[in-house]
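These notes are about the structure you will find just below.
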Amino acid sequence: MKNRSALDAYSNGEAWWNTSISSIKKNEIIIRGYPIEELIGNLSYSQMLYFLLCGEILSDQKAKLFESVLVAGADHGPRAPSIAAGRMAATCGISFNSAVATGINLLGDIHGGAAEKGMKLFYQTNAIVKEDKQQSLSQVVKDQLDLLEEKKEKLPGIGHQLHDDDPRVRKLYQLSQNLVEEGEISGEYLRIAEAFRGQLEQRKQKKMTMNIDGVSAAVQCELGIPAEAAKGVFALSRGMGIVAHAFEELNNGVLIKGPCPNTEELVQYTGPSIRHIEKESELQS
Amino acid sequence: MKNRSALDAYSNGEAWWNTSISSIKKNEIIIRGYPIEELIGNLSYSQMLYFLLCGEILSDQKAKLFESVLVAGADHGPRAPSIAAGRMAATCGISFNSAVATGINLLGDIHGGAAEKGMKLFYQTNAIVKEDKQQSLSQVVKDQLDLLEEKKEKLPGIGHQLHDDDPRVRKLYQLSQNLVEEGEISGEYLRIAEAFRGQLEQRKQKKMTMNIDGVSAAVQCELGIPAEAAKGVFALSRGMGIVAHAFEELNNGVLIKGPCPNTEELVQYTGPSIRHIEKESELQS
Amino acid sequence: MKNRSALDAYSNGEAWWNTSISSIKKNEIIIRGYPIEELIGNLSYSQMLYFLLCGEILSDQKAKLFESVLVAGADHGPRAPSIAAGRMAATCGISFNSAVATGINLLGDIHGGAAEKGMKLFYQTNAIVKEDKQQSLSQVVKDQLDLLEEKKEKLPGIGHQLHDDDPRVRKLYQLSQNLVEEGEISGEYLRIAEAFRGQLEQRKQKKMTMNIDGVSAAVQCELGIPAEAAKGVFALSRGMGIVAHAFEELNNGVLIKGPCPNTEELVQYTGPSIRHIEKESELQS
Amino acid sequence: MKNRSALDAYSNGEAWWNTSISSIKKNEIIIRGYPIEELIGNLSYSQMLYFLLCGEILSDQKAKLFESVLVAGADHGPRAPSIAAGRMAATCGISFNSAVATGINLLGDIHGGAAEKGMKLFYQTNAIVKEDKQQSLSQVVKDQLDLLEEKKEKLPGIGHQLHDDDPRVRKLYQLSQNLVEEGEISGEYLRIAEAFRGQLEQRKQKKMTMNIDGVSAAVQCELGIPAEAAKGVFALSRGMGIVAHAFEELNNGVLIKGPCPNTEELVQYTGPSIRHIEKESELQS
């Protein structure tokens, strides 16, 4: 990022809204050079998303791998905050797209966002290895883990509060390995991710498993997706589940649905006991 | 919708969060009965979305048609409010998913939402025709147009502020017709949509063209997508463009980008001329 | 609303962004004519909000009544969907303002939005009474109730799923009555609201109590707030509670907080039993 | 933050939703111990917000100073991204509260969020001075500026793309000084803020002016508002302007309003020239 001012750019002769993505004229919609009617029916969802974002058309096999990442993250049930918020929103009388936006608004650094952190780490690790041929991957991973420890940060993409052998991780891993064997993707980021997991396991002296964010990060690096866009990609993945759950709740016909019943063990007031404003006059302005 | 209270349902023995969509247990994620690892790599994005939403797995051909609808609506350039809002959001220092949610939050009744209205009209028209075999489609369409006129409402899905021969409409129409000919879809909703357009043209005595919302509505009716979910589906379609445009703007590095430059012809104050609070004491409480 | 196109207005010589609210120039910020430095320290929050929205400076007494409405709606505990969504959002790693926006996004027609419907009804009722001196208020209210019954709509502002003698309603009523007695407000909308409640009680032959939306609607009509802005006003009222609750949750340090624990009685899967995709080949495209 | 799991806390016997803010029972709403009917009519907006957030009732004078901060940030015209997004949202057919949420969603780290960064810096600076009596304020400020330089970060709260003598800053400063003189607030954070500004001016050898974020940060520190809540507080301040502008646009009746007209100097496509998918078969899966 260059931290520029839009007014400066404009006074330098740039248009206010510059885009290399699309050109819209009367009866003509051009996406990165192609008339849209040549893309409709030819590009799959994941190809179109990648094309809009990165400017290249993924091969069918890569596009299917990308699609697998999107399908894998689509739902994690009504206890996921994104899904629950979307369902509650659907009972409050707002536009249905706004219920979907509500759920997506929650998919931040902590809820799905670990993929972005993983991708940054993996891209950076690979860049160091590529630049300095003297250093082994193992050494660079060790240095990065030391750095994380020093900053008291967790290695992204490892561990899950519920799963320790997540079926999504296994399947995405297997699908990726198939493409490595076919030479469609290099496999270097899968190796980097595995190197981090393995070294952490050794350090901690206990089993460490990759989570869905970790394997999604490695796969998206293989495909060249920019890390900074990862939370947007996940929005369109989990977005499917949010749409379905919000619609199910809307269809139930419950109104103003709260998060849970009002029992003592679920909702408790822990503040000061009842008290009164003794001298009201003091408060009056 | 039944307009029930969640507390009533709960005291009747229902769980607070009932869902027929997904079951999440340790190392087991079930989507409408299927283990998720059997869906990843097997279902395309549009199949997964439809399966989550409607509970059935679309045939490949229908899934491609649905995908075409999603691809067609993906982008309409930086002047579309959804895209512009997403781009501006990306310059304001919020989580990237929140920039995407910002754009999606705008896709309401007026910005993309005409598809929902169209679907409701087409489903209703078909239901009347199916129920009362005496009435011709032409007659039911006439009645519905009369009703819209009476309520001073516009026929949804007709006309566009920019396009009068939208390349997306032409292409989606052609792809749908192919599937009608192959017997994959019935074509009844395409005929209904065309009947509305044709009769309106006769009434108005001028050329009326279907817009992207209109043809998307007809195609989604062919596929059995519920009208009330249409704005959610469009959120995932236009969501692709929002992700790409927000990322492009983020990458530009402009900070706090407003909608336009500050020239007089673009931004004008039309309120009272400068004035002063004469008796400050009057205002003081 | 005139349903105009922005491009038409612009080609007619209007600026793209016309506003009578504010003028921003170098070192000069004018709000509806007044330099902002004359408003800071002189206008209370509710005066500023009203001034921005309606263009007039409320008297101190009216401003206090408006403030009372804002204070009354500020919080309804963590089971309110708006509050719960804001709290969950605060645990997901997004920008704090986005957690607040999440909660506010839920305050639609059903969750707080009844005030808007009430205001429209009360304004319309008063307009009819004012226009046609022949008709008594009682008669107009009767007609309006008949109309609601015919449309199978509920009278807005009556009844609450928890309270039947809401302390907020009693207090707001009392504060308003004080201003009626002092001649600060006319009291006509309070009388209209009471007429509706009373006639409904007679029709239903059971006690009917006004809820917070109902009394807030009547008071806001007394102050001249436009009905269409009511959900925005409530956003700034409940917004206080959302800010406080989201901050409390943020401070707790819980991560990715779902709506409730994962017990069977709270979360239940009601979909198809486990099944398998038998012929994977059929799914492969 | 403790980074705990909600499930762990729950299995330790804590309620799922613990709050010291409010208790909601039938016909009883308690806010931090006080029945809500004792707060309505007694607490101003800024007192209620502070009470909900911090648990104490601000004195009238402090509450007015807090209110001044809220009033000062209320609007910065239709070119502010938050205001523009809210106005555009109002033309798209969504619930009015969602238009307000759209604007608030943009008030992140870069758009209004500098106050939070300033508050953290000022609180930290004061803590160091208080803890280590040996060090002068001047020395601690110097160290902090060195640290910022080292991390290549800007000093928050300084400079503005438009104003270099912002009338809001002058007025807030003056109102705060009044309260310092009256002994209502200590003034220590105002001195810290000024120390930072002054030393930066010396380093840069050019005039440096405090912006609205800087002075708001100092004042909010004087009042004891937690830094992490600052973006929420600003949401309620700028929220006033968003409500008013969104309503003005809604009232205009323009539909689907984009950010600017479609002239070449405002909107430009800079991507690849038109091209065609030559071998469609390659794309077909």
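Brief remarks on what is shown
Order of writing sets the labels: A, B, C and D. Residues in every chain begin at 1.
Here is the rule we use: a contact is a pair of C-beta atoms (placed from the backbone, for glycine too) under 8 Å apart; a residue touches a chain by one contact, two chains touch by 3 or more.
No experiment lies behind these values; they were computed from the predicted model shown.
Note on connectivity: the fewest steps through touching chains from chain A to chain C is 1.
Shared contact partners of chain A and chain D, listed by label: B, C.
Centroids of chain B and chain D (each the mean of its C-alpha atoms) stand 33 Å apart. Rounded to a whole number, the gap between the C-alpha centres of chain C and chain D is 23 angstrom.
Residue positions of chain B touching 2 or more other chains: 5, 7, 16-23, 35, 39, 43-44, 64, 77-79, 84, 91, 93-95, 97-98, 101-102, 105-109, 113, 161, 255, 257-262, 266-267, 285.
Residues 77-82, 84-85, 88-89, 91-95, 98, 101-102, 105-111, 113, 161, 255-262, 266-267 of chain A touch chain C in their complex. Note for the complex: chain D touches chain C at residues 1-7, 9-10, 16-24, 26-29, 31, 35-37, 39-41, 43-46, 48-49, 52-53, 64, 67-68, 70-72, 74-79, 84, 87, 91, 95-102, 104-109, 112-113, 116, 162-168, 170-172, 175, 226, 228-236, 239-248, 250-258, 260-262, 285. Residue ranges of chain C in contact with chain B, taken from their complex: 5, 7, 14-23, 30, 32-35, 38-39, 42-44, 55, 57, 60, 93-95, 97-98, 101, 105, 161, 259-260, 264-277, 280, 283-285.
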